[in-house]
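There are two complexes below, and they share chain A, which is joined by chain B in the first and by chain C in the second.
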Partner chain A sequence: MGAVVLKNIEKLYSDTIACTDINLSINEGEFFTFLGPSGCGKTTILRLIAGFVQPSKGTIHLGNRDITNLEAEKRQVGMVFQNYALFPFMTVAENIAYGLKIQKKSKQERAERVEKYTEMVGLSGFEHRNISELSGGEQQRVALARSLAIEPKVLLLDEPLSNLDARLRDRMRSEIKSLQKKLGITTIFVTHDQTEALTMSDRVAIFEKGRCIQIGPPEEIYAYPANSFVARFVGDTNLFAADIRNGKASLSDNVTINLETPAAGRFVSIRPQDIVFSTAEDNRKNVFPARVESIQFDGISVEYSVKVDDMSFRLVILNTSTFCHEITVGADVHIAIPGKSLKILEN
Partner chain B sequence: MMSFEKSQIRSVRYTDLFIALLLTLPVLIFIVWPIVEVIVKSFLPEGFFSLEIYRNLFVHNSRLIFDSILSAILSTVLTIIFALAIALYVAFCSARFKRSILVALMLTMISPPFVSSLAYIMLFGKRGYIVHHVLGLTWNPYGMHGVILMQVLSNISLAALLIIGMFAMLDPRTLEASRDLGGKSWRTLCSIVLPLSMPGIVAAGFIVLIKCLADFGTPIIIGGRFTLLATEAYLAVIGRGNLPLASAISVIILIPSLMAFFFYRHYIRQTHGVSVAMQKIGDRGIEGLAMGSWASSTLGMLTWFFLFLMLLQYGAILFATVFDYRQGHFIFTLEHIQAIRLGKMASFVRSLCYSFIAAIGVSLFGALLSYYLESHKGVSSKVVDFLSTLPYILPGPFFGIGYILAFNDAPLALTGTSAIVVLNCMFRQLPVSTKATSAGLTRIDPETENAATDLGSGRLRLLFQIILPLLKPAFLMSFINTFTATMTTVGAIIFLITPQAKVVTVELFNVLRDGDYGQGAVLASMIIISTLCVNLVFTRWVIRRNG
Partner chain C sequence: MYNQKKLAGTLGVALLLWFLIGYILYPALKTVVVSLTEDGTISLVHYSRFFASEANISPLVNSIFLGFLTVIVCGIIGTALAFFIHYFDFPGKSIIDKLLLLPLMLPGIVIVFAFVQLYGESGLITKSIEWLFGLESKPYNFSGLKGILFVHAYTQYVYFYISVSIAIKHIDYSVVESARNLGAAKTKIFTSIILPFISPALISSAIITFISGIGSFTAPSIIGGGYRVLTTQILLSKANNYMEVAATQVVILTGISLFLFSIFRNYEKRAVFTSSVKGVAIQAVPIKNPLVRFLMLSTAGLLIVTILLPVFAILLMSFVKSETLMVNIFPRQFTCENYLEIFTRSRKFAPFLNSISMALLASLLGLAIAIPSSYLIVKTKLKIKWLVEMLVMLPWAMPASAIAINIINAYNSPNFFSMNSVLVGTFILLPLGYFVRSIPLMVKTTSISFQNLNETYIEASKSLGASQIQTFRQIVLPMISPGLIAGFLLVFVRSIGEYTISVFLYTPSNKPVSIAVVNGIFEYNIGLAMAYGTLLILITTILSSMISKFSTASY
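Right after this comes the complex of A and B.
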């Protein structure tokens, strides 16, 4: 039995479905991510677990306990809000001690825990600051410490990084992850950012239109997307409708790719880094003449958009020290698409 | 070429300066000057400096000062307690009740002065229907308790609406955070909701306090032998023509108001900037909290009891327009309505005209002033902004007496004209108008203006074709507010009208002072119904225009 188990959860707002048919089992100590575009129902599910909304159908278990009808204040889950929701008229220490006061912890224990958790989030010495004196990143840390201080059974993070600038976001990403590892706390993380999901999670659940489409470790989801939505949403891809028969995938009249292993489906997904430049002399299969349409350089890699007849492909080449930049816009080139790089998708 | 550019720049500066003067001058003349006059008059009663009046007031009338402050504080505290109870109930109760309570509260905002007093005397007075007839009691409703009761009843709606507004602005996620950390509803309420809404509650208290301190009508009608500073100021002018004394009393009343005002400003500044990410999601407000059944039923009882009292109050007044209570029976009569037709109709029509002109005037002026202040941030515009806020904290009598003193002689001899009444009503409501407009302006994307300028729109064209249309909702709000306030005000203008050109609220005050409650009921009903109609028509207009 998992640490958090959702069975047949459905939530309706008057007539619109916020989420439906949700079955999840999150393991003890796992870093579990809900990933999806905005409006896909992921935050609703988090709020269902926190107890701020009641499911229309289904049950929620925390450990062995059915908490479906338990009030939010009795659930012992710690939530970090997107806007942090700190209490603006309290100091850092008072914010962190708020939940402990409610738990009727002694003054000494409160002081110890405040010290422990401010140190843990790297805010030692900030105890007596006012919230308005903190930067966004520091507020984020207070919110995290406040939730951790009550030593909850589950930590819920609602897009906690979305209000931070890019550099800070990268740093907080690894800090949160290592904190979670250290504490071994079961964590549910909601995000619409695939990088966050892929880098931080033990497992990811992908949501679309209120439904959970795929659950699995990041590598598995990236390598074997369940459908074209997942392929596009997690990582970059070249996605085409294709006619697939006899071990061949026809993307157009002139582009037919020989598959490594026969499969059935209606869509083809090819990751940009799987396609490589080639030459006319290349006598391998699946080599096509193409013209370079645009080039984007981002330091680590170079992204090319090329056209084979009317079909656009994107290629990503790692910018290693041996890489030469001789391909220019408008150049006639050849690209090779390895048959094993094709993921055949049903829908 | 160079000189051409220079002269062009200079001409822009002159236009700016001209507009600034044009907008600042009225503020100086119609707000600052009267205030200065009152203060000067109180210290220079005979043309030379003397503290005699103040000494007399503090030595011989310390009781008066004490009573005034005590009763105002008691009224304020009680009002806030009730208003808070109602606001909490509204936050917790179901959406259907919520709507009807809000509508009821807004309707009871349209209350001419003394409506509570009138109903109170009719129902609970010495010969009041409920006390005398239903309960068979004899008691004296007059005195300090009566005054406080009336002030509380007539201010609860306003205070409750202000606090409800504050609750609606709270970030629901902050409350969820509290619950998430284990805080039950009461705990969340006491340690999160109340501290967060404290600025709103303090603001409401401060507005009520000023209104109570400035209220001279209620003590005259209900106070019996119990008198207050505001009453003395009124009597000093109307009865004895003693303007220096009235000025001094007005200054004394102003002191607590000023203190409250500065306390509030300080408080706001302290808590300012803490609304870190106080974005509003929907209008869930504090609704997520579940309230214990006994608590919610207590709050509910208070709320419904208050609304019942309001119903009783308005019902009694409407009823009394056509029924007389004589020798234990109700007798149908059109006497009172006929009496109005003969004498007081002109005053009623005059009130409508004044209100309409004042409302249009101040809404336009307030919009222009606020637009100018918003687009020229600087020390001078800050000063003008502060000055234009002053009428909000001035007690009514203060503002009225100031107008008598300032506009009695040349250069601006306005005494006895309609203009002085309209101008007084206009500038008294100016703060609401500028605040509504600047709230509207902050909602306008600054790029809108730049886009218009970029497309070659000139200054005036920009103002009239781009900015003003965008400010229509604020304009209408300001219009409705000023119209309602002018229709129901008595505080300042009672000092300014002439016997030949009375307004309806003064007529109402006079008939009540003379004990003619039937006439009072008719006048009050006329004010209520006409103001209600204007409110409904314009509110509809706002709603329709905003889709």
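Right after this comes the complex of A and C.
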């Protein structure tokens, strides 16, 4: 049995469904991410686990214990809030010691733990600072230390990186991940940022409109999206409605792609990095004449938007040292779409 | 369990509404009824009499005229000061910024007598001018409209000063820079950028100042002389026991205030400038030109002297033997007798004790009502909250004299809200009046506490294992208490030296210190009156500095 198990969870707010039919089993020590656009129900589920809201239906287990009706304060679940929710009238040390004081830990033990966790999050020497004297990143670390200090069974992180600037976000991402690995603590991370989800998680659950659509390791979700929503939301893609029969996918009258293995479905997803430029003489299959509409250079790669008749495709080419920038806007080119790069989706 | 909670909540709301209606709305309505009653039947005769007699019309016109002049004088002074302080950089400006708020906190009656001691017929300044220039007769006449306006200028510019200062601080300087970038000249920038930014502040301060100007009682009653205004006429009617006439005058005065106040509330809700992105604050301009610098510093110095002079006058006179004032032009002999008298003779100390206990009672009552009211307004989605908000804000539009008359009309007979007892003539009437007068400000202060109390703090505390009681004691209470303490002290400061409501409602058994000051003056016991005044100033300034500390401590 998993560390956190949700069975048939449903939460209704008057007449709107916040989430429904949620079945999840999160393993001991796992870094598990809820990914989805805002309003998909991911935060509601996190708050259900924390105990701030009660499910309308279903059960929640923590280890072997049914905690569905247990008060939030008795769950031993640590939570880091989006706005950190640090108590503004307490110092860093007082914030971190708050939960320990509640647990009636001795003064000495509190001091030891405060020291341990401030050091762990890299804030040694900040113990007596006021919260208002801290930067966003430092506040984030205090929030993390505060929830870790009570040594919870599960750590919940509610979009903790969304208030940080891009560079700091990258750094905190790897710091949180390595901290989690070191402590081996079961962690549930809520985000709408696919990069965060893909880089940090052991497994990801994708939510849309209150339902869990797909659960799996990041590589699997990226490679085998369950539907067109997942394909678009996780990673960039070219998505088309297609007529698929006899081992061929027809995107339009002139674009028909031979598939590697026959499949059935109504949509195809092609990752932009799978499409490559080709020459007309190339006798490979699936080569189409195209015209370059726009070029966007971002350092690591170059993104081309090309049109085959009326169909737009996006290609991403890695900017390696051998890359040549010959292709310009308006140029007539050929693109090759390997048959095995097509993901056939039912809906 | 859940239903019990709900029932308790409903009962609590009902109790709150019972109190608010009973002590704010019902008294006001009772006054309307009294004004419409003649010999037990409904009639408009009091209104027709009011508008038929020149003796009634002229105080009304005088009141409105006084209101307008107050707005103009205070508008000019307050706005000029706000620009002076926030637009230029010069030494001592932060001290002046704090000092400029002082007149708001000093008891009105003390300020009026300080002005009399300085600028009155035998005032220190008046006599100094006579002596310096060898004048035979007094150089100016302090009493009447001029005197009232002078006092208003000193006490009421603060609304303009505060709100224009806030507006200036909120001007996004990048907007000014972009106007310059688009080619606007300096005058154009002022008329097209600065003025629109501060005009909401100007308009709302003008309305508030007008309301307080027409409702002003202390200055007209002490130094008004022949300049009769509606508020002093109300006291006269009440003293002659023409309660229907007093009620009619109150309804007319309150009507004007209420009309303007509703405009103000509407305007306040609409006219809020918020910049979408974080702007750049205005940079104070440092003065380099030595001449201009000298002028600025002299102005600043003069300001400090003008603001502090009344306080020094009171302090000085409190050490004077009252008898010697009859003989000498300037005070010569100084003594601590006046203070000794207050602290050793229980009859002299009683007014002081009365005021402290009544102000305390008003503050406690304020807390008891303001906490649930602001919680209801800020933290719940109850449909009834508009009513609560309206009831607690209503006294803002009521002149103090109207509040007093309303209370008399409502509680000179037993009723449902007073649990069937007559309150007129009892001790409780004054604290009740103080409470009604201050409840809008108090609710505003306590509301800020609840606005700052974000729900996630409570959730964070719970997730760290704290029970509901632990969360309340260790998180909620520390977060809301600065605002609550500030509100409590605010009511106390506004009540301890209150004069208008006191003069209408006091009885010999609960004579407050403000009345003792006036009695002292009229018995030529000026030293004693000023010693009372000094003690009041001491208490109010100490508590005011505590208030500003607590309100800046809000998170």
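What we mean here is this: the second predicted complex is superposed on the first by the 347 of 347 C-alpha atoms of A that agree within 3 Å, B and C clash if a C-alpha of one lies under 4 Å from a C-alpha of the other, contacts with A are read in each partner's own complex, and residues count from 1 in each chain.
The working rule: a contact is a pair of C-beta atoms (placed from the backbone, for glycine too) under 8 Å apart; a residue touches a chain by one contact, two chains touch by 3 or more.
Here the structure is a predicted model, which means the values were calculated and not measured.
Chemist: Superposed on chain A, are chain B and chain C clashing or fitting side by side?
Modeler: clash
Chemist: A:C212 in the overlay: touching chain B, chain C, both, or neither? Say first, second, both or neither.
Modeler: Neither partner.
Chemist: Does the superposition put A:A72 against chain B (first), chain C (second), both, or neither?
Modeler: The answer is both, since A:A72 touches chain B and chain C.
Chemist: Answer with first, second, both or neither: which of chain B and chain C does A:N163 touch in the superposed model?
Modeler: Only chain B; A:N163 stays clear of chain C.
Chemist: Check the residue A:V287 against both partner chains and state whether it touches chain B (first), chain C (second), both, or neither.
Modeler: neither
Chemist: Of the two partner chains, chain B (first) and chain C (second), which one does A:F87 touch, if any: first, second, both, or neither?
Modeler: Both partners.
Chemist: Across the two complexes, what residues of chain A are contacted by chain B and by chain C?
Modeler: 50-52, 71-79, 81, 83, 85-89, 98-99, 102-103, 146-147, 150
Chemist: Residues of chain A touching chain B in their complex?
Modeler: 50-52, 71-79, 81-89, 98-99, 102-103, 130-132, 139, 146-147, 150, 163
Chemist: Touching chain A in the complex: which residues of chain B?
Modeler: Touching chain A: residues 171, 173-174, 176-184, 187, 191-192, 195-196, 271, 273-277, 279, 288, 290 of chain B.
Chemist: Considering the complex alone, what residue numbers of chain A touch chain C?
Modeler: Its residues touching chain C are 50-52, 71-79, 81, 83, 85-89, 98-99, 102-103, 146-147, 150, 156.
Chemist: Flag every residue of chain C that touches chain A in the complex, lowest number first.
Modeler: 454, 456-457, 459-468, 470-471, 474-475, 478-479, 555
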